[in-house]
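Both complexes below contain chain A, partnered by chain B and then by chain C.
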Partner chain A sequence: MSATGARETILNLFRQASAGYVSGARLSEVLGVSRTAVWKQIEQLRQLGYRIEAIPSRGYRLCDVPDLPLAEELRSGLATRRIGREIRYLAETDSTNRQAYALGEAGADEGLVVIADRQSAGKGRMGRTWASPPGVNLYVSILLRPPLPPQAAPQLTFISTLAVSRAIAAVSGLAPTHKWPNDVLIDGRKVAGLLNELSAESDRIRFVVLGIGVNLNMTAEQFPADLRMPATSLLLAGGRPVPRALFARTLLEELDALYAEFLLHGPAPLLAAWEERCDLVGKPVEVDEGGSGLVRGTVSGIDRDGALLLTLADGSTARILAGDVRQC
Partner chain B sequence: MSATGARETILNLFRQASAGYVSGARLSEVLGVSRTAVWKQIEQLRQLGYRIEAIPSRGYRLCDVPDLPLAEELRSGLATRRIGREIRYLAETDSTNRQAYALGEAGADEGLVVIADRQSAGKGRMGRTWASPPGVNLYVSILLRPPLPPQAAPQLTFISTLAVSRAIAAVSGLAPTHKWPNDVLIDGRKVAGLLNELSAESDRIRFVVLGIGVNLNMTAEQFPADLRMPATSLLLAGGRPVPRALFARTLLEELDALYAEFLLHGPAPLLAAWEERCDLVGKPVEVDEGGSGLVRGTVSGIDRDGALLLTLADGSTARILAGDVRQC
Partner chain C sequence: MDVKDLKTLIKMVTETDITEFEMENADEKIVIKRGPTGQIIQMAAPAAMAAPMAMPVMSTGGAAPLAAATPVPVVDDKYETINSPIVGTFYRKPSPEAPTFVEAGSVVEKGQTVCLVEAMKLFNEIEADFKCRIVEILKNDAEPVEFGEPLFKVERL
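Moving on, here comes the complex of A and B:
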């Protein structure tokens, strides 16, 4: 049994004992190791942040679980089919996307999850950075290998967006909205950022990395001063802290269900569900396409490739593949 | 001066001397090295296949150039702006695409060309292999970094196809046709294969590798027995061998011009030019989309994303992103 496996077994025994004591003898028996080895595992759990009481005559008792998205915590009760078959937790990394992309290049299987407490070089869209302080937020990347041509890859952005907003609604009761192409807002403030990365051949996707950052328990002081658009966290918007492992588990389950539906029924149901939470339809906007200047028009929706459709002043339709949208 | 640089200087001096002699003293003077060092460079050129005569009283004379797509030969007189700023020649490699992709990941600049005499693991579409014997054909990969969203990447396939058929027409006088998505045919037989690979984020292409294999001087015996479709080479179709460096240079120049036009004017002129050589428009076909079965219809053209448009029996239009097309 691996060290992670042994720790998961211990945590499961604690959970079954529903906050009661589990004797060292019982742990030693189930794990098939000496009581000294059990003690070492307990020490490691304590170092990860688990508070474990030890009373000589009664055994060990789990008093508190750390608010960390540890692999052990994510796997506990995770009801997914594809996503999370392998979970790698990193206390700190440069960027979970960079790690997942490298693992994808090295042949990692579909469903791999890389999650970190802190990112030193969190990546945002268009080469921007994503503020990633430790202890408060969610930074996770998921590796998928859909059997599809690369043109279908942008559709996966809508899967991540929808999964994030559903997880937010489920865990916090808040009602997020979507902003094209990949923002999730609460009361007009950005609460999540998504960055998907793609490796493909002419005819087929090799893999996609869905990168997801959600501001869960970040306080106002923790936001960078130079944000491009107003931001918030679930704590700031809802007034209550959100347990990170619970949120991560909920998100992976939503993603898993949406991805399965997408593989079976294609992008249409997904794009329709995304549009329901997009409050820009019918509104006048200005889109900055980067190099090619500004386009002004009224949002009429998105097409099946996920492109934004604008009705222009002359009645024609513009189809925008990438850019920043501002309401006028 | 690098060894390659020194060899290029020597070759240029030979070319200027138009098959006459260049003295060792002159070479030593221009290169700024000893006559012994000049002799070493001459020996290296001989090992690469250059036939160089040496007559003590007159100097050196270039009698014959090897039919190898060496970097020195490609750069000589190459009239390109972006493509070929760096050229790496490999006598043998697994796959020029794999090498160029790895260099792309490592940050290589736009315009890098990787070219090989032989590939041990030449890659074709859909995980297929591409027969890559030494001495006869062209195996080249070009790294581009277009400032575009990933949805635009399939348009680059039409750039490579068009560049290949223009280079074939220019060098051999033959009249190639195009088969969607990325085949170049002569008299209905496949003469070139293209495999583009993509690394991208949600909003932008990081890089694209255009992989191009052209059967130049391959003989009938050199084709694998189990080919998916009939194949030919320029030698077989035109009856004359094609100098590989000349063909490679022509191809890089066509690519460079088409890519510049694409960046300035978008995909429309390119797709129109591609369609002119596509003899399937108006014909009934059957498309094998892989997992999702067969589609039958009449080819009406391609849309601006490069998808194949079919008119079906019920009058509706099917838009095919990837698959194998067979004429009915």
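Moving on, here comes the complex of A and C:
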């Protein structure tokens, strides 16, 4: 049994015992190891932040669980089919996307989840970084291998955006909105960052990494001073902290369900659900398309590929595939 | 009908809810069908047509539903192209300050990244499928690219 597996078994026994004691003899029997080996596992759990009481005649008792998105915590009661079959927790990494991408290239199975407490080089768009302090937020990447041609891959952006906003609504009760294509906002402030990476041959997807960062319990002082757009966290917006493992589990479950639906029914139902939370529909916007200039129009929705549709002044429709959308 | 017109036609049909489209005249017959697994595009030209004018006959299934929309690159024997697998924005470098992935004349190994294409915040690092020399870069940095559009003219080494 792996170290993670052994710790998971111990935690499960604690959970079954509710807040009661589990004897060292019972732990060593279930794990099939010596009581000294059990004690070592208990010490490791303590180092991870679990508060475990030991009383010689009664055994061990779990008093407190750390607010860490540990693999053991995520797997506990995780109701998913594909996503999370393998979960790798890293206390610190450069970027969960980079790790998941490398594992994807090495042949990791669909559903792999890489999650970290802290990122030293959280990936943003165009070489920018995503602020990733420890102890407060969620940084997770999910590896998928949809049996689809590469041109279907951008639709996955809408799936992860929708999964994030549904998880936020479920856990915090807040009502997030979407800004095309992938921003999740609360009161107009950005609460999550999504960045997906595709590895493909000309006619098939090898894998896609869905990168998701959500500001959960970040305080105002923890935000970088030079942000490109106003940001918030669930703590700042909702007034109370969100348990990270609970949020991560909820997100993986939402994602798993949406991905299953996407594979079964295609993108249309998901794009419609995405659009429901997009408060820009009917509003005038301008889109900076980067190299090709500025387009002004009124948002009429998104099409079946996820492109943003604008009604222009002359009544014609513009189909936007890339660019920064600003309300005006 | 030339490839460009065919492409426009496919795009027009794709943007509607039409699932089947058929067009026939004296010279050619075009059938575009789409189903849940993708598009099937078939074109048939009468045998009488001269060889250089012959229309490609293509039929693709789920794995590469839009393959027929790929503009057939103008290739002489010597050169091949690296094409975009998705619709998106072409980037020659990983970030605005970073150096370009490749320049004309660069020799790249199989699997080496030659550019980035972004669509809906999904980033695709395009790799060379074989060792080659970049002969010409066919798109400008930050320019939109279509599905299947050639991005680089390359010489296989």
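The definition used in the following text is that the second predicted complex is superposed on the first by the 328 of 328 C-alpha atoms of A that agree within 3 Å, B and C clash if a C-alpha of one lies under 4 Å from a C-alpha of the other, contacts with A are read in each partner's own complex, and residues count from 1 in each chain.
The working rule: a contact is a pair of C-beta atoms (placed from the backbone, for glycine too) under 8 Å apart; a residue touches a chain by one contact, two chains touch by 3 or more.
Predicted model only: the values in this text are computed from it and were never measured.
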Looking at the superposed three-chain arrangement on chain A, would you call chain B and chain C a clash or a fit? clash
After the superposition on A, what does A:Arg128 contact: first (chain B), second (chain C), both or neither? second
If we overlay the two complexes on their shared chain A, which of chain B and chain C does A:Leu194 touch? Say first, second, both or neither. both
Touch check for A:Asp303: first (chain B), second (chain C), both, or neither? second
Does chain B (first) or chain C (second) touch A:Gly24, or do both, or does neither? neither
Dual-contact residues of chain A (chain B, chain C) 125-127, 149-151, 153-154, 157, 181-182, 194-204, 290-291, 305, 321-322
Contact footprint of chain A on chain B as seen in their complex: 105, 125-127, 147, 149-154, 157, 181-182, 194-204, 290-291, 305, 307, 321-322
Residue ranges of chain A touching chain C (in the complex, touch as defined): 125-128, 149-151, 153-158, 181-182, 194-204, 208, 266, 289-292, 303, 305-306, 319, 321-322
Touching residues on chain C, where the partner in the complex is chain A: 15, 36, 38, 63-67, 83, 85-89, 94-98, 118-125, 129, 140-144, 147
